[in-house]
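For clarity, chains are labelled A, B, C, D, E and F in written order, and residue numbers in each chain start from 1.
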């Protein structure tokens, strides 16, 4: 019998960002992105949930040692976004409008080939307690 | 490459309701619905999560401007249920026993054809912190 | 050395209520109480936190067995408000406008003389996740 | 039209456990399981979410009376794990390393054939606020 | 008998900020403020809880209509900090290092003389889920 | 003008414990402590909130760099209780019944003289989401 379990690690980070297109004026950006286009930036405490699916290893009872997953997320994501400006400081967001949709997809790309026990299943990003976004590689 | 993201908006509302069938006596309703059949009503702070799935628009990085989704939910749902009696005040619940199962399905119907960027994926309703219900149009 | 500890028990209940004065018209009540005056009622999931302060008993390490506090709260409060209409069903709210301010004070009176190990310190009532009220017998 | 709703009940329990293999030394267990292998045990407040999927019964508006689901979970799971040592006291965990992956699968087996209205869909187990695990019978 | 109740309104806002002293170099600011001194800013979802203490008005059962308190907080605080840069955009933070300590005190000053039913008791500011700060005018 | 701010750091730890008196039989311990006396232990995810009160330093806007407080709590408390058995592994709990009342007081003693910027104001310990305890040195 196959035994697949979904394992999720939750992390948080604090970052600044601005939604805008450089080719547009501040006024045009405001029309498109509203208050999220403030030229002086704003920021969020983001909550990130990364889910991996895999067979339970009968020798350990683990899909994957969750401490390893934590470490992977810290090295490949948190260290590059926490207390950063997502438009300026984060290389893997270069040239990408930092909406939560795009951040989720970019985090997926950061992690996908690093996970070798099991398979990346979902990247979920809470921008606020009322708005969250999920990418499943579809 | 296709890039589909699930976007969720969380809202809350406070409402009164009663679970009962008009053709039954209070005693029979109590047998069927327990303390939820109190003829003098009771109520809840409901938490509603509406999820839309869609392609990320490369021009904006949005599936759908979440402020629009918020507005749609307020116009079509929250304005009709918040500080209301779901058995009496809410037209879209007419003739429907207001269990959380039925409320979820009714909210789906209120929203389904209003969402034009992306597609409605799920309506999730928390009745209490311990009980929640989800309808996905299945 | 004296060792006073504050011990808190959290409980929840779901109830209907209406804010209104019987001597006023529906229109006048709406002016005073807004949507909370809906004549067809509305309701909430209330969260109640009851805090007792007392000396730690060296024989047990308890101020008071928290199971006893839970039982006291259930007998004197929860059983009288859960799945009830606070305006109609709850004797200890008779003739009292069921604002959260008044409910907190009424719950204090229900509990104050029942607590014999330690002393009632605070009754805190969350009406929603954004509004809460606390009475300390002052 | 078919109307399938996912209904979830949340419960909590507090338990002690230790991750180890009896055939290994304490040092070897520490290498495999880290601080979770503490021979003197440690423990958690686990949060369990059990999801059932089923057709809404038009006579009641219920998939399943959630009070029944609560009772099933208490009889078959909570009574056997709450304030227990999962390695010693819980018969259904006999001979199983009590990782959250394995506990989720064992809880699924405890519940699967007891649910007769609807079908068990998911067992989700939060070990901490940062780590959770889900089994869907796959 | 006097009946004083503490009433609390919770609001949230998202803002960017940077901890630094203009007379210091980036390196010196880093030594003093760590990663919070990032010259490209970072940000947070702040949660603000404002508590007012006052006598319950026997005519209404209110200390103060909580909708009025909400409005006061929006006009005097939220509109000036939400989706803003606290170092640049917020006049009432001019010349003040935007630590949560200082933001709490500045919010107190914004609100203190606007509250005429009851008295401002506390301003509590959550910078993250792990760090919060409270000012009581002491 | 004096400016005193209360600053709180939240931490979590997972531990096993048992409430019992060695001079009593298992049956007598059960009568006194209920299911918390299980001889095979049980455990919790504890949440700890440590509050310090102090003057805001005008040079930094800090009462105390919260990273220092975090470090103090880790060195003096978390490292000695996380993934431990409070009855066996934690020296500062030697000979003390590990009720949450007693753990709070013992944590206060661990921290009180280590805090040199500001003064320890409160130690708050959540044993479960429904039970919490606070010691203020009274």
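In this text, a contact is a pair of C-beta atoms (placed from the backbone, for glycine too) under 8 Å apart; a residue touches a chain by one contact, two chains touch by 3 or more.
Quick caveat: nothing in here was measured; it's all calculated off a predicted structure.
Undergrad: Of the pairs given as B-C, E-F or A-E, which one copies B-D, with over half of its contacts the same by residue number?
TA: Answer for the repeat of B-D: E-F.
Undergrad: From the mean C-alpha coordinate of chain D to that of chain E, what's the distance rounded to whole Å?
TA: Computed from C-alpha means, the inter-chain centre distance equals 41 Å.
Undergrad: For chain D versus chain F, what separation do you get between their C-alpha means, in angstrom?
TA: Their C-alpha centroids are separated by 28 Å.
Undergrad: Using mean CA coordinates as chain centres, what's the gap between chain A and chain F in Å?
TA: Their C-alpha centroids are separated by 33 Å.
Undergrad: Specify, in ascending order, the residues of chain F that touch 2 or more different other chains.
TA: Answer for chain F, listing residues that touch two or more other chains: 129.
Undergrad: Could you draw the chains as nodes, link the ones that touch, and say if you get a line, ring, star, complete or other?
TA: other
Undergrad: Per the contact definition, I'd like the list of chain C residues that touch chain F in the complex.
TA: Residue positions touching the partner: 2-11, 56, 60-63, 65-67.
Undergrad: Can you check the complex and tell me which residues of chain D touch chain A?
TA: Result: residues 19, 32-34, 96-99, 101-102, 104-105, 129-136, 138 of chain D touch chain A.
Undergrad: Within their complex, state which residues of chain A touch chain E.
TA: Interface residues on the chain A side: 12, 14-17, 35-36, 38, 40-45, 82-85, 88-89, 128-129.
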